[in-house]
Each structure stands twice: as structure tokens, then as C-alpha cells.
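Both complexes shown next keep chain A, but they swap its partner, so chain B is in the first and chain C is in the second.
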Partner chain A sequence: MSFLHINNVHKRFGETHVLKGIDISIEQGDFLVLVGPSGCGKSTLLNMIAGLDSISEGELLLDGRCINDVHPSRRDIAMVFQSYALYPSMTVAGNIGFGLEMRKVPRKERREAVDRVAKLLQIENLLDRKPGQLSGGQRQRVAMGRALVRDPQLFLFDEPLSNLDAKLRVDMRTEIKQLHQRLGTTIVYVTHDQIEAMTLASRIAVMRGGELQQLGTPQAVYDDPNNLFVAGFMGSPSMNLIEARIVERDGVPVAQAIAGDTTLTLPIVRDRQALRDWCDRDVIIGLRPEAITDPASANHREGNIHEAELPVELVEPTGADLYVVTSLGGAHINARMRPGTPLRPGERARFAFDVSRMVVFDPETEGRIRDERTADVGDVLETA
Partner chain B sequence: MSNASPDRDGGARERLQRWLPKLVLSPSCVLVLFFVYGFIAWTSYISFSDSGMMPDYTWVGLHQWSRLWTSWTWGIALHNIWVFGLLYIVSCIVLGLVLAILLDQRIRAEGVLRTIYLYPMALSFIVTGTAWQWFLNPGLGLEKTMHDLGWQSFSFNWLIDSNMAIYTVVIAAVWQATGFVMAMFLAGLRGIDGEMIKAAQIDGAPAWKIYARIIIPQLRPVFMSAVVVLAHLAIKSFDLIVAMTGGGPGNATAVPATFMYSYAFSRNEMGIAAASAVFMLAVIAALIIPYLYSELREPRS
Partner chain C sequence: MSAASPTVRQGAATRAILYAILLVFAVIYLLPLYVMLTTSFKTLDEIHQGNMLALPGEWTFAPWREAWGSACIGLECEGVHGYFFNSIKIVIPAVLISGLLGAFNGYVLTKWKFRGHKIVFGLILFSCFIPFQIILLPMARMLGILHLANSTWGLVLVHIVYGIGFTTLFFRNFYASFPDELVRAAQLDGAGFFVIFFRILLPASIPIIVVTIIWQFTNVWNDFLFGVSFASGDSAPITVALNNLVNSSTGVKAYNVNMAAAMVAAVPTLIVYILAGKYFLRGLMSGSVKG
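On to the complex of A and B.
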């Protein structure tokens, strides 16, 4: 039995169907990130786990116990809010200790618990201040302290970093991850930022329009997306999606895309079985920018590199990498190359395609065309 | 076409634009200066003069002020304003807050109820006073209705009881202002972050503790505004008392405003009346000026 089990959960607000049957289960110690664009229902789902929104249909199990109708304060959960939701009339110590006070924990014990958490979060010197006197990052820590002090079974985070500036956000992200590793707590975390999702999660649930698109480890979601939406949403710069056609060459399917006045032919390595049925039909192929690079940077050992000469349209150095824009299948695509690769717009250059990383989508259903589940891609979509 | 160079033309228009607002505002400025601040100064002077029925500009120093403070009626008026003001402010705030909290529970007919509670504020004090006078008059209103319905022993004659009459004024005034105070608190409640209440729920606080510990402490600015608005309404209360009790029975419901009116216009003691008026102004100023100062200073910090 999994630790948190979300079983076919629906949410309706009057006529609007906000969540359309969500199935997720995670184990104790997992860091589940719910990610998706605004309005996808991720915050609603979190509020339902917290007990702040009712469940229209379905079942919510925490540690084997059905918590559908349990009051938020009796679910053994703690939540960190986007606005931090600190109580402005109380001191930091009062804020952190409020939950314990409401649970009638004696003053001395309470003080000890508050001190312990304050030390963990390095806010000991702030305990007597009011939230109004704190900076954004400090408030964030206090909000986390308020959740940590109760030592609950499950932590819920609702976009906790979105009110911080970019630099602080990265620092706090690291701290949350360290905290999770040190304390081994189970966390459900909501964000619309796919980088946060990738860096923090042990499991990612990508949501759109009230439906779960994919549940899996960050790497599985990144390398093996279920559909075009997941492919485009995860990763920055996002996956190159190229219009192509599957044709048969020497008895095996290959993908052909228009590259200016010529045709680029890419051999197919993955999902070959499924793609046999797609010969002479249009598809969309997906290749991450790092799967298209300069021949010297490519990993030739696996033997899955296919080189081609294409015109360079634009060069974008970021310092760490050099992004080279070319056009393929009628769209601009991004290739990630070694910085310092001597390329100028207008020239032709050799691009190395790592076809083992190529994924293929059905342009009609936007779903993935893939072989029957194999062991190495396991962990992709889990239905309870 | 005019031959004036565009330069000079533009200069004239610019000058007009610069002066126009000042020109438009200056008549009202002059009027306010004269009729408000001018008469405040004049009244202050009169309070140090030997004026009786007509203004008399002979300087008598603090004579009128000492007569004011030794006057028996002034003592009653001050006592009444204390009782009235305190009960009025406290009742309005307590009732207004309770109504606002009840209205804030996302009930269906909120818009209608809010309007109903707010309506008394739209009435003038004269109408309120007259209506409540009829309602509480033992021979006309509540008591007579109860008697007609067969409850012969029912008695509610506070309006004509000199010990209780001031409380009837409190009832009418509270009825009128509670809705307004409720609206202020409701606005304050709506400004509170909903996530904070969710956090408190998860922390395990029962509803009354969420209000007592988290929400009400955050309404402090609303309490401040309510006290200041109500306090100056209390000190200004004149028409309500004139319409309801006329300051009676006897002097039982006299307040500084009715005292000032009767000394100025019926007792021909303009000097004492001026002194009482200046005193009231000073009390209101002592309330309002710090409040305005703190309100207007806020955006800078």
C-alpha cells in the first residue's frame, strides 16, 4: 500500500469539472511535484489533500487511512502557502508555535520545539520580530518553520517560491531539497515552474486541464514524455518539435523532414515496432536541444549519431553553451553546441543528431507513438 | 489670422494653464477662509468678550470661561456626553463587528442585507430622532402597541424618565450608525488574506480563535477609524437630541451642543455659548488632527 494514494479524485465547482479523475500514489519519503500551467487544477488538488476543498468524487488515503472527511487539523499535514500566510499580529515564535498552542502543547515543550526548528532554519535571531519586519526570504523560512515544528506525516507546499526574486528562489530551492534529504519527509509540492519541478522532485505529476498527463521520475518525464504537451512543457529551452514523415527504407522505418531545399533522413532507433505501422504518414518528432549538437561534442560510442549539414540561422551564446538555430520541417529548431564553436549565421554547418533520444508523436491525438512498455522506460505512467 | 508669433502665443497659453486652476479654486478658498476659519476666530474672540444677547467686543478675559465651568447645566451636558459617547461608540463597534462577521460567512442574500443595515445612515438625524421619538413615546409607540395587543403590564417609558432618557438617544444613534460601522469592518474583513485563515485551520484553531487571535488584531486600523468617526459624530450630536427629546425632560439629555444652542439663542448668553463652542472644537480637533496626521503620513513610510 502506498503512503499517499489519490484514487480517481474528481472536483466539480457547480457545472465546471476542475479535476477529471486523478490517480497518483507515492511512497513515504517521496517528493511529489505537481506541475502544470495555471488553471490545470494542481492547486485545487493540493487544497483537497489539505482538506481545504471538498472532494466531489474519489478517495484520498494517507498511510492507509481514508481522509476524505477528516478536518484539515486532524489529517496530520502541514502546509506552506504562496503568500506565506503568516499571522501579522504575532511574533515569529508565536507564528511557529501557534499550531502547537492550538493542540494544547505545554508552554515549555512548545518553546523547545520552536527553538529546535528555528535553529534548523537559522532564524533564531528573528524569533521576537513581527512578520512585517522580515524580508521575503525570512518570511519563507518562518512559513516553513511553522510547518516543520509539528512534525507531520505529509508536507504540502503551494508555490512557495513564486514570491521571491530569482536569486533567492534558487537558494531556497536548494535549501528545501537539503531539508527533504535530511529529514526524509514526504512532500507534495505545487509549482508552475518546470525547472523547480525537475530539480526538486523524486516524482513529477504533469497536469493540464484537470487531467494527469504523466507521472514519473523527473528523468522519465524529461526523456520519455507521454505526449506533445509534456514534451513542450518540460525542459528549457523546450524540446524541438519537427514535422516529419515516416517512410520505409530497406525494410525499416525512417523519419524524413524538410530542411530547406533538401530532405533530412533520420534513422529510427526507439519505438521501431510501433512506427512500422506509421509508414507514409505524417508525424511530429521531438528532439531535445542537447540531442542536436556539433559532431565533436556528440557521443559517438553508442553509434546512434546521425550527421547532416544544415544552414545556421542564428547563434545565441549563453556562456555555458552555444545555442544554434536552424530550420527543419518548416520550424526553427535549437541545437546545443560547445561554446566557442566557430559558427556564423548564413554558413552551413554539420549537426550531429542523437537519434536514440528521438521521440515521435501522433499529430492528431498529440500522443506518443511508442512500443509496448519495456523495462528501461518503466516508471512512466502509473495507474493505481 | 492672428499675427502673434507662435512663441508668444504658446507662452500666453502656458501662463493661462498655470494660473487657471488657481483662479478656479480661489473663490472657494476665500469663502472657506472667511466663513469657516474667520468665524472660528470670531467665535474664539467672543468667548473672551462681554457678549450677551448681541456681540459686545469688550475684552473680559476668562470671565465667560469660568462662568461656563461653574454652570450646573454644563456639568450635566458634560456628564451626558460622556455616557452617550462611551455607550454609543462601544455599542456601535461591538454590534457593527458582530454584524460584519456574520455577513462575512458567504451568505446568499448578503447584498440585500448589507443595504438594509446601511440604510439608516442615509436618513438625517432629524428623521431618525423623530421616528424614534414616536416609537418610544409611551402614548403612541411601542408601549401603546403592546397594551393594544393585550399586554397591559408592559411598560417602557425611558423617553420621559429623566434618569433613562439619555439611553433612548443612545439606542436611536446606535441604530443609525451601526450599519456604517459594519460596512467599515466588512471592508476590513474582506482585505484579510484567505490563505492565513486556511493556515490557521490547518494549525487547528477553532473559528472563534481564528477571529480572536488572527483576524480581529489585524482590524486595528478599522477600530481606529471607527472610534474617530463615531467620537466626532457623538460630540456633534445635536439634531438627534433636539428632534428626540429637545434636551429634556428638563435638562436630562442636554449635551454640549444643545447647551451651546440654548445659551446662544434662547438665554442670550453669547459669551458662554462661544466658550462652550470653542471647547467642543478643541476636543474634536484633539481627536481628528492626530488621526489625520497618522493617516496622511502613512503613504510615505
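On to the complex of A and C.
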């Protein structure tokens, strides 16, 4: 039995169907990140777990107990809000201790618990201040302290870092991850930032339009996306999606894409069984920028490298990497190369394609074309 | 620099004219108050000499003492002090209860919305537009049924009922911009309906509480129509007593006593403005949510 079980949960606001049957299960100690573009229903789902929104249909189980009709305060859940929601007229200590006070914890114990959490979050010197006197990062810590002090079964985070500036956001991200590792708590975290999702999660649930697109480990979601949406949403710069055609060559399927006046032929390694049925049909192939590189940086040992010469259109150095833009299948594609690779726009260069990382999509349904093992595109991919 | 100076000079000139006009209006506005104050400190002889704008030649506090303790209102010659305390007895419960009810209404109408909450608010708001005169007869009948006619408690009830519309409007609009997330956070922390109101919302409502107190205090204290209609004799508020005092002077009109009594009637509202005014601008919401 899983720790948190979201079983076919629906949400309707009048006529609008916001959540269309969500199924998610996580184990104790998991860090589940709900990620998706705004309006995908991730915050609604979080509010339903918290008990702040009612459940139209389906079932929520926490540690084997159905919590559909349990009052928010009795669910043993704490939540960190996007706006922090600190009580303006109380001190930091009052804010952190309020939940304990409501649960009739004696003053002395309360004081000890507040001190312990304040020490953990390094806000001991702020305990007597009012929220108005704190910086954004400090308010963030107080909001986390208010959740931590109650030591609940489940923590909910609703886009907690979206109000912080870029640098602080990265710092706090690290701290949240450290906190999770140290305390081993179970967390459900909502964000629209796929980098936050990748770095924090032990499980990612990608949502769109009230439907779950994929549930899996960050690596599984990244390397083995269920559909075009997941492929395009996760990763920055995003996955190259190239129009191509599957043809049979020497009895095996290969993918052909138009590259200027020639045709690039890429051998197919993954999902070969399924792709046999797609001969002479158009598909979309997906390759991460790091799967297209210069021959010297290519991973010849593990990867299945296929080299080709293509024109360089644009060179974008980022310091750590060099992104080289070329065109393939009528679209611009990004290749990640070693910095300092001597390339200039207009030249032709050799690109190394790691075809073992290539994924193929059906342009009609936008679903993945996969071998039998997980052939059903709509299915949630389960990865240990 | 030289190019800028004509506009600077022009700006200064406009400003000077503006201030001059404002000053003139301020003087016109303050003149009656000045006359009231100076007259109340003059002897009757000095008043009869004319020259209304002159300062008292001989300062005397006798008119104030008389107005407070021995001026004749009707047949009784005990001054206005009894009526002053009547007004206090009316205004304090009326302001507190109507304010508290308005705050509760605002809280429920914004944070515990129910089906039809907009209609309920609309109806409450509608009461703000009902003129005093229209409800005089039905209200008199109602007070009779409740055995509250001719009593200060009757007036308290009238002012509470009449004030709820305004206090609800103030608090509802204030709480509409109060972040819902705070209420949700408090719910998760285990706080109930009343705890959320008294511990979270009310302490953050100082600015609107001050507005409500000033508004309600001024209205209730300065009310004459309800006072004269529903409370006569000993239970009348000071506004009614002042009217009776001015009307019941026999023989020579004691202008100085009248002015002193009028000042007594006006001072509490002035004090409320002076004490509470500075809280108007104080925003206590900073820091609860982002930015």
C-alpha cells in the first residue's frame, strides 16, 4: 500500500472539468513534484490534498486512511503557500507556534519546538520580528518553519520559490532538497519550473489540461517521455523535435530527415519493433541537444554514434557549453558542443548523433511510438 | 538654468495663488468656530457691546460652568451634563456593536462565501440609501413593541440597525483585499471560524476599524432626528438638549452659555478625529504576503 494514493480524482467547477481522473501513488519519503503549465490543475490538486478544495469524484488515501471528508486541520498535513501567508500581526515565533497553540500544546513545549525549528532554519535571531520586517528569503524560511514545527505526515508546497529572485531561488531550492534528505519527509511540491522539478523530485508528475501526462523518476521523464508535450516541456533548452520519415533499409527501419539539399539517415536503435510498422510513414523524432554534439565529445563507449556533416547556422556560447544551431527536417535544431569548438556560421561541421537516445513520436496523436513493453501511449510510465 | 527659471517662477506663482485661496476658505470655515469659542468666554455685557470678532476683554469660565451644571433646559436647571452622558451611553455601545457586527458581516461575506452572498450584501448595502425620515414611524412602532421607547437603549438599537449597512460596507471592502491564503493557512493550522476572525483578521484591520469608529461616532453623536423622535426628556442625547437649551432661555438670550454648550456638544467628535486620525494612514498589512 502506498503512502499517498490519489485514486481517479476529478474536480469540476460547475461546467468546467478541471481535473479529469488523476491517479498518482507515492511512497513514504518520496518528493513528488507536480509540474505543468499554468492552468493544468496542479494547484487545484494540491488544494484538494490539503482539504481546501472539495473532491468531486475519486478518493484520496493518506497512509491507508481515506481523507476525502477529513477537515484540513485533522489531515496531519502542513502547507507552504506561494505568498507565504504569514499572519501579519504576529511575530515570527507566534507565526511558527500558531499551529501548535491551536492544538493546545503547552507553552513550554511550544517554545522548545519553535526554537528547534528556528535553529534548523537559521532564523533564531528573527523570532521577535513581525513579517513586515523580513526579506523575501526570510519570509520563505518562516513559512517553512510554520509547516515543519508541526511535524506532519505530509508537506505540501505551492510554488514556494516563485516570489524569490533568481539567485535566492537556487539557494532555497538547495536548502529544500537538503531538508528533505535530512528529515526524510514526504513532500508534494507544485511548480511550473521544470528545472525545479528535475532537481528536487524523486517522482515527477507532468500535468496538462487536467490530465496526468506522465509519472516517473526525473530521469525517466527526461529520457523516456510519454508524448510530445512531456518531451517539449521538460529540459532546457528543450528537446529537438524533427520531422522525419521511417523507411526500410537492409531489412531494418531507419529515420530520414531533410537536411538542406541532402537527406540525413539515422539508424534506429530504440523501439525498433514498434517502428517496423511505421515504414514509409511520417514521424517526429526527438533528440536532446546533448545527444547531438561534436565527434570528439560524443560518448562512443555507451552511445550509438552516427556522424553527419551539416551547415552551421548560429553559434551560441554559454560559457559551460556551446550551442550550435543547424537545420534539420525544416526546423532549427540545437546541438550541445564542447566550448571552444572552432565553428563559425556558414561553415559545414561534423555532428555526432547519439541515436541510442532518439525517441520517436506519432505526429497525429503526439504519442510516443514504443516497443511492446510500454506500448500504450496513454499509460502512465512506471519506473522504479 | 535660465531656460528653466520662467517655469519655476510660474510654478511658484501658481502655488502662491493656490495657497492664498485655500487660506481664505480656511478662514471662512474656521470663523464660526472662532466666534463660538470667543463668545463662550465673554460676559453677557461684553457680548451686548457688539464687536463679535474681538477677543474677550475679560476671560470668564462662568458660561461653561453654567452650561455644564446649571443652565435651564425646559423646567430643570441642571445644565447639559446629564445629556452629555446620555450621548456617551448611546454612542459607545452603538459604535462598538455596529462595528463588530459589520466586521463579522464583512468577514463572512468575503471569507466564508455562501450561495447568494452577493444578494445579501446588496440588501445590506441598500440600507445605506434609506433616508432617516422614511423609517421614523415604523421604527417608533417597533420601539414601542420592544418597550424601548423613550430610552437610551432604544436609540442604541436604532443606531446599530442604521449603522450596520455602512460598517458592513467598510469591512467587506477591506476584507475583500485581505489575502484568502491567510485564512487557508490558519485553517490548516487548526484555527476555527472565530479564532481566524479574532486572531488573524481583526488585528490586521486597525485602519478600517479607525475609519468605522470615526464614521459611526460622528453620525451617532451628531444625530438629532432620531434623538428628538425616539428619546425625549431625561433620556435625550446632547444634540436634543442643546436645541432645548437654546429654545428655553427666558428673557435675555445667554449667548455665551449657548456657545459653551454647543462647544461641549462638539468636543467629543473633535477628540475622536484628533486621536484616531493618525491611524488612518497606517498600513498594518505590510509583509503578510509578497511585496
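What to note about this one:
Here is the rule we use: the second predicted complex is superposed on the first by the 372 of 384 C-alpha atoms of A that agree within 3 Å, B and C clash if a C-alpha of one lies under 4 Å from a C-alpha of the other, contacts with A are read in each partner's own complex, and residues count from 1 in each chain.
Operating definition for what follows: a contact is a pair of C-beta atoms (placed from the backbone, for glycine too) under 8 Å apart; a residue touches a chain by one contact, two chains touch by 3 or more.
Predicted, not measured: the structure shown is a model, and the values here were computed from it.
Partners chain B and chain C, once the complexes are superposed on chain A, run into each other and clash. Number of chain A residues touched is higher for C, counting chain B against chain C. Once the two complexes are overlaid on the shared chain, A:A50 sits against chain B and chain C alike. When both complexes are overlaid on chain A, the residue A:G39 reaches neither chain B nor chain C.
Touch criterion not met for A:P237: it reaches neither chain B nor chain C.
Contacts of A:R103 after superposition: both chain B and chain C are touched. Legend: residue contacts after superposition of the two complexes on their common chain; A:R139 is shown touching chain C, with no touch to chain B.
Applying the stated contact rule after C-alpha superposition, one finds that A:S83 touches each of chain B and chain C. The contact surfaces that chain B and chain C form on chain A in the two complexes overlap at residues 50-52, 72-73, 77-79, 81-83, 85-90, 98-99, 102-103, 146. Remark: chain B residues 193, 195-196, 198-205, 209, 213-214, 217-218 touch chain A in the complex.
Across the complex, chain B is touched by residues 47, 50-52, 71-74, 77-79, 81-83, 85-90, 98-99, 102-103, 146 of chain A.
The residues of chain C lying in touch with chain A in their complex are 179, 181-182, 184-191, 195, 199-200, 203-204, 284-291.
The touching residues of chain A, when paired with chain C in their complex, are 50-52, 72-73, 77-79, 81-90, 98-99, 102-103, 130-134, 136, 139, 146, 150, 163.
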